[in-house]
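First chain A sits with chain B, and in the next complex the same chain sits with chain C.
And now, the complex of A and B:
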């Protein structure tokens, strides 16, 4: 994935890639439901929520996604 | 021999593309891979053609571009193209550094260029200038590097290892460190372009290369990259490159060895589906180094040097110490000395 500012390329693991794909314009609840639909099984719901949280922290920390008011 | 090993990765479309923007340059390097001329040839792609091609790549999900040459800054329209790419791609530029001014470096920073890679061919002006053929080019390259760093452009140094600079690579690392560079790369000498005529003068044996690399003490804070064992990747699976005339050549190190079609006459992704291109991306080779395969995720090492010394696309890469099998890298096969080299026998037909 390319982040324009400052310019940098990232290689995402599958979990982060899925979170990135699902979170475009999605509200937090919608994102979590969509993520769990994909990841449970094989993960249980608690493990999937933890993994989503880790992925979102990675994406936000590195400037690849941001939370907006429109998304809730 | 039946090829039984292949690359584990597969791409439907490329994610990064190398663009040899021009085959012109202000230097006269004796190792020049592009056999550059002083003025751009009339048949080079026009500004409008490059811009259209870049838009096409963007629409087809390419996310990274590496511009090189020749010397890209030698063509006056280069910054128009860079600005067109701004913030749509991860843009890397390889340059000899001599045309970079503080104002241009600031412009690169403002345009959102990701990295600039500067060829500095030795630790001393005498060595660098001997290799570039232009007195003063060493000092001008270093001035360019300082301008980039001052402007805040991520900057790396490149060195092509050869007989003229092998004794001063440690000093070259110290120079990079003193300049404030964080990342450098030492590259192998490829038998393409003008250097072929000087191969015996410039090429080292694999033992000499390995000894030079093994002896290096990398200063703290500096990261050194190189592509010898155990980092000898078969990059073909992800490579895409277009030369200044619009020819799709897969990788700039394959520039004389393959031609997958012209982007002037067909969409680039049609060239991506050329049978030989698909074959090289599949990476079917008859031998692979396990250490290099593990570190690079691909098998068999560089296809350009494998083909150059063995005349087969599935041959072992002789630059890898585990695959060299006694190949003398100082002696280039005679068929490689022609302009459009083809090995004798079926592989060359």
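And now, the complex of A and C:
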């Protein structure tokens, strides 16, 4: 994945990549529902929520996504 | 790739068991190795000295030189398929080598027991082209209907994991007869 500003390439594993794909323009509740739809199974719901939180922290920390008011 | 295509691919990866890992995001420092350092040429043809041509011929006959053009594939195989792949190699590898077209030699498939290259894949398959006709003969043969070599080639490639980011290809020529450009 290419982050334009500042420019840098990243590799993401499946659970992080899925979060990135689903969070475009999604409100937090929508994102969680969509992530759980894809990840339960193989994970149970609690584990999938933890994975999503971890993924979002990584994506925000690395400047790949940001929260906006419009997305809630 | 459109988002729907990416989601289809992600679902396939989730079904294959790759989603249970904790999320990882890692910066990537690409290493670009272009082919502009050495001249690409056949060391047994005009443009090389008689000494160099004789050196290559003799070294190939003696068996210590692997070939004039060596191609190394690096790849992963589909998850959980190692034993099946090993069985396939035991049953078919010699046939694959024996049915290779003219100027193409199959030099075996290997596992990397250690490597400094993290993205190159765990398996290697080595091919040798005896001349520049080799790549053309290979392309022609794999497209040929009813060819034993084509069937085995496709079976070998079916084991490769197209979704794995770990893959590589290296091309080599003998250093003793090489021409360095820069």
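Note that in this section the second predicted complex is superposed on the first by the 72 of 72 C-alpha atoms of A that agree within 3 Å, B and C clash if a C-alpha of one lies under 4 Å from a C-alpha of the other, contacts with A are read in each partner's own complex, and residues count from 1 in each chain.
Definition applied: contacts are C-beta pairs under 8 Å (C-beta built on N, C-alpha and C of every residue); 3 or more make two chains touch, one makes a residue touch a chain.
Everything numeric here is computed off the predicted structure, so don't read it as measured data.
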Which partner chains sit in contact with A:59 here, chain B, chain C, both or neither? Use first/second/both/neither.
second
With the two complexes superposed on chain A, say which partner A:68 touches: chain B (first), chain C (second), both, or neither.
neither
For chain A, which side has the bigger count of touched residues, chain B or chain C?
C
Looking at A:42, would you say it contacts chain B, chain C, both, or neither? Reply first, second, both or neither.
second
After lining up the shared chain so the two structures overlap, which partner does A:5 touch, if you call chain B first and chain C second: first, second, both or neither?
first
On chain A, the residue positions that both chain B and chain C contact, one per complex
8-9
Can you tell me which positions in chain C touch chain A when the two form their complex?
3, 6-7, 10-11, 13-14, 17-30, 165
So, in the complex, the side of chain B touching chain A is made of residues 63-64, 87-91, 112-114
Over in the complex, which chain A residues touch chain C? Could you list them?
8-19, 21, 24, 38-39, 42-43, 51, 54-55, 58-59, 62, 64
Across the complex, what residues on chain A touch chain B?
1-2, 4-5, 7-9
